[in-house]
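After this come two complexes, each holding chain A, first together with chain B and then together with chain C.
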Partner chain A sequence: MDKIWLLARITFKDGIRHKALYGIAFLGFLLFAANILVTGMFSWELGKVAVDVGLSVVSLSGLLIIFFLSINTVSNDLESRTIYMILARPVSRAQYVVGKYLGLALVILASSAILGACAAGSVKFATFRAPGYIPIDFSWGTFSLALCFLTISLLVLAAVAFFWVSVTTHPFTAVLLSLFSYFIGQNVEAVKTMMLATGVLGENPLVLRAVDYGAWLFPNLAAFDLKTTAAYGLPIDAAYLVWLAVYGISYIGLVLFLTVLVFRRRELG
Partner chain B sequence: MHTIHYDHVSKAFRYGLRSTTVLHELTLGIEPGEIFGFLGPNGAGKSTAIKLLLDFIRPAGGRMSVDGAVVGKDPFRHLIGYLPETPCFYENLTALETLWFAGRASGMPPGRVRERGAEVLARVDLEDVGRRPVRTYSKGMKQRLGLAMALIHDPEIFILDEPMSGLDPMGRRLVADIIRGLGADRKTIFFSSHILGDVETLCDRIGILNRGRLLFCGSVREIMDRGTNLEEVFIDLIERDERGRCG
Partner chain C sequence: MRLRGLAAGVVLFAVLAAAQVSSHLAVQDARRDLMWRTSSRGVHLPPALLRIVAGEFKGLVSDYLLLEVGSFLGFTQDISSEDWDNVVLSLEQCLSLDPYFQQTYIFVQGHIAWEAKRPQDALRLLDVSRRHRPWDWRPGYFMGFDAYFFLKDYAKAAEYFFDAAKIEGAPVLLAVLGGRFAAKSGRVEAAVALLQSMLEEVPPEDVLRVREIRMRMEALQGVAALERALCDYIAVFREKPNSLDDLITSGFLSAIPSDPYGEGYTYDPETGEIGF
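Right, the complex of A and B next:
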C-alpha cells in the first residue's frame, strides 16, 4: 500500500504542475465567466441554465484532463520509458497501475473540487441578480451530489482510458478508443431504451444483441448525469444513489483489474 | 555462485508477421564484486539483455538469476541499482522529489532518504540544482540524476546501460570515478558501453556481443593479448564475425 501511495503522490505532484492543467483550468474559468454572461441573456429558467452550464464546464474540463493529461501521462511513461524509473524498484506492475490511477484520480478530484466551487460561485452570482428565477426546490445539497456523481463518471472514464492505453501501442489510438467508449457510455442506454420502446430495428436480433452487449460492456456514463435533477431541484432516491456509487466504484475496480492483467503480460521494451 | 547469471537466454521480437531473434542462447556469469563491461555495436542486443534481466521484457527461452533470485519468479529489485540508457523522469518533479520516491520505493526510511538524497546529489555534482524541476536539466544532468537514483539505496549490484552516454568529458570522468569507487567497495557492476577507452580502464572482465551472439567473454588482459588496444581487437572481432556470416 505504501508503494501505491508513493506512486499516487508523485503522479499527482507531476500532474498538478503540468502546463496542460493550467490551460484547462484557464479555459474552465473563461467558461464560468461566459456562464455569468450567458445566463444574463435568459429571462426565464435562469437558475436552471446556470446550474446546467456550470456543471457542464466541470465535466468538459474533466474530460480534457482525461484526454490530454491522463492518457498522455501514462503513454509517456511507456513510450519514453519513464516507467523504468519505477519498475526498476521493488514495485510490482499491479502497484504501478493502481498507484498511477490513484494519482490521476487525485488530479481529477482536485480539478472537480476547484472547478465545482467556481461553478457554484457562477450559479450563486447568476441567480443573485435574479433571485426570482431560482427553482423552488433548488438545493446546494443536490448540486453537490450532482458534482460528486459527475466526478465519479470522470473517474470511471479515466479507468477505461488507462485500460486502452495499456492495450494499445500509440496514445492516439488510446484517445480514439476512450472517446468511442465515452460516446457509447453516454448514449447506449438511451439507444437501447428507444429501440425497445419504439421497435426501431426491433426485427434485427443481431443489432439488439450488439446494443445489449454494448450496454453491459461499456460504462453507463449517462446514469451519473444528475445535472437536470440538480437544476430543477428534483427529489433523488437515496438507494438509487448508493447503487449508482457502488456501480461506479465496482466498474473502476473491474477495469483496473483487467488493466493489471494486460499490463503484467505487456513487454516494456 | 554468480551474482548475475544468464543461462541460454534467447529473445525474439515480432515485427508484423516476421520474427527476428535478437539474442541467441546467451550464457554469461558475472562474479561478485567484479566490474563487467558489456560491449557491442549498435543493435547487438546489449540493452535487450539488460531489459530481460530486469524483467521488463520476457525471454523466448532460458533463465536468468540475480544473486540467486530467479528473474520473473523471485523478488530481486531491492538488490540492484539500475541506470537506463536514456533515463527519463517525471519532468515536473525536482531531483530531490525524484530521489525521495526512489529511496522510499526501495524501502528506505524517510530520514535516511533525506540524508542519503543530499549525499548522492553531491556525489553526482547536482547539489545546487536539487530543488529545480527536472525539465530544466540538460541531458548530462539527467544522466547524472539517473545515476544518483541507482546509488540512493546503496545496493550491492549495479546495472548501468551506457552510463557515459550524453556526458561531457568532465561528466564522464565523474561517472568513471564513481564506478571505480563502487568497484573499490566490492560492489558488482554490470555495464554496457560504446566508449572502449573507459571500459579498458574500468573493467575486470568484458563480454563482446554481436548480432545477439556472445563473441568473447574474459578478462581485459586476455583480450589485450590479442592486439595493441581494445578498440583494435574489438573491431577485428566484429569484422571477422560479420565476414563469417557473409560466408
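Right, the complex of A and C next:
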C-alpha cells in the first residue's frame, strides 16, 4: 500500500507540474469569465445558463486532462523507458498501475475541486444582479452533487483511458480509443432507447444485441450527467445516487483489474 | 551589410503590417452585414439525433441554439414560411436538449404563436415545457390563451386554464378564465364542479382568491340555470326564445339569476348562447 501511495504522490506532483495543466486551468478560468458574458445574453433563468456553462467547463477541462495529460503520462513512462527504473525497484506491475491511476485521479479531483469552486463563483457572480432569475428549486446541494458525479464520470473515463494505454503501443491510438469509448459511453443508452422507440435500423436482433452488449461493456457516462438536475434543482432519488456511485466505483475497479492483467502480460521495450 | 539586412527587415515588416491592417479593415467592412445570422438554417438534424451528438453538453448546445434563433429573429425583418419552419425545428431541438428552460417557451409563445401565427406548432412545443415544468403555470396559461385566441377552441382553452390554475402560486384569473371558456364550450356543470374542488383547496385567509372563485361559480351557476330553462323551452316550443325574458313569461324560470359581475347575462337568439 505504501508503494502505491508513494507512486500516487509522485504522479500527482508530476501531474500538477505539467505545463499542459496550466493551459487547461487558464482555459477554464477564461471560460468562467465568458460565463458572465454568456449569461448576460439571456433574459430568463440566468442561473440555469450559468450552471450549464460552469459545469460544462469543469467537464471539458477534466476531459482535456484525461486525453492530453493522463494518457501522455503513462505512455511517456513507456516510451522514455522510465518505467524500468520504477519496476527495477520492488514495485509490482499491479502496484504501478494502481499507483499511477490514483495519482492521476488526484489530479482530476484537484482540478474538479478548483474548477468546481470557480464554477460556483461564476454562477454566483453571473446571477448576482438578477436573483429573481434563478430557477426556484436551485440549490447548492444539488449543484455539489452534480459536480461530484461529474468527477466520478471523469474518473471512470480515466480508468478506461488507462486500459487503452496498457493495450496499445502508441499514445495516439490510446487517445482515439478513449475518445471512442467516451462517445459510446455518452450515447449508448440514448441510441438504444432511440432504436427501441423509433425502430431505426429495423428490428434487427443482431444490431440490438450488439448495442446491448455495448451498453454492458462501455460505461454509461450519460447516467452521471446531472447538469440539468443541478441547473433546475430537480428532485433526485437518493437510492439512485447510491447505485450510481456503486456503479461508477465498481466499473473503475473492474477496468483497473483488467488493466493490471493486460499490463502484466505486456512486453516492455 | 548588417544595415541593409536591417532595412530589408523593417521594409518587410512594414509591408506585411500594412497588408494586414488594410486586409483586416476590408474583411471587417465586407462582413459588417454578416455579423448577425441572416439565415434561419440551424443544425438540420432530427432533435433525437442532436441529443446524441450533443452528448453531455446538451444544456450548452440548447443555449447556443436559442441564441442563434434569437439573433436571427431579432435582426431579420421579412421572415418567410421556410424560415419559420427552420425556427420551429430549432426550438424543437432546444426543447429536446433541455425541455425545462423557461426562455425557450417564452420564445415559442412570443414568436411562434404571435409572430408566425402558428398556434398548432406553439401548442405542441409549449406542451413539452408544460409537462416538464409542473411547478410553472405559465406554459399552460399560454396554451389556454392560444387555444382560445387563435384556434377558438374553448373546450381546450378551459382545460388548459383549469390545469394551470391548479398549480401552486397560479393567479386566480386562470380559474376565472377556465370557467368562462368552459361555459362558452357548453361545459358549465363541469366547470362549477372544478371550481368547487379548487375552492376547497384555497386557504380561507386568501380572501381575494376565494371571492374571485365564488363569484365565477355564482355566474356559472346562473348560466347553468338559464341553460336548463332554455333546454326546457326549446323542448316545448321547438324554437329558441327571442330573449331571456321569454323564459320567465313562459314560466320556465321565476327570475333571471343575478350576475355577480353586475353586467347581466347576455343571450344570442341565433345561436342560443348564454354569456356573462
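Everything below uses one rule, namely that the second predicted complex is superposed on the first by the 268 of 269 C-alpha atoms of A that agree within 3 Å, B and C clash if a C-alpha of one lies under 4 Å from a C-alpha of the other, contacts with A are read in each partner's own complex, and residues count from 1 in each chain.
Everything below uses one rule, namely that contacts are C-beta pairs under 8 Å (C-beta built on N, C-alpha and C of every residue); 3 or more make two chains touch, one makes a residue touch a chain.
Remember, predicted model here, so these are calculated numbers, not experimental data.
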Which of chain B and chain C A:170 touches, first, second, both or neither: neither
First (chain B), second (chain C), both or neither touched by A:90: first
Touched partner set for A:10, first chain B, second chain C, both or neither: first
Which of chain B and chain C A:264 touches, first, second, both or neither: neither
First (chain B), second (chain C), both or neither touched by A:124: neither
Contacts of A:209 with chain B and chain C, given as first, second, both or neither: neither
First, second, both or neither for A:80, with chain B first and chain C second: first
Partner contacting more residues of chain A (chain B vs chain C): C
Overlap of chain C and chain B interfaces on chain A (superposed complexes): none
Residue numbers on chain C that touch chain A, as the complex places them: 48-49, 51-52, 55-60, 62-63, 66-67, 70, 98, 100-103, 106, 135
Residue ranges of chain B in contact with chain A within the complex: 13, 48, 51, 54, 56-58, 75, 77-78, 80, 82, 84, 86-93, 97-98, 101-102, 104-107, 133, 146, 149
Touching residues on chain A, where the partner in the complex is chain B: 2-3, 6-7, 9-11, 13-14, 17-18, 80-82, 84-91, 267-269
Residues of chain A that touch chain C when the two form their complex: 38, 41-45, 48-49, 51-53, 56, 59-60, 135-137, 153, 183, 186-187, 190-191, 194, 198, 221-222, 225, 227-228, 231-232, 234
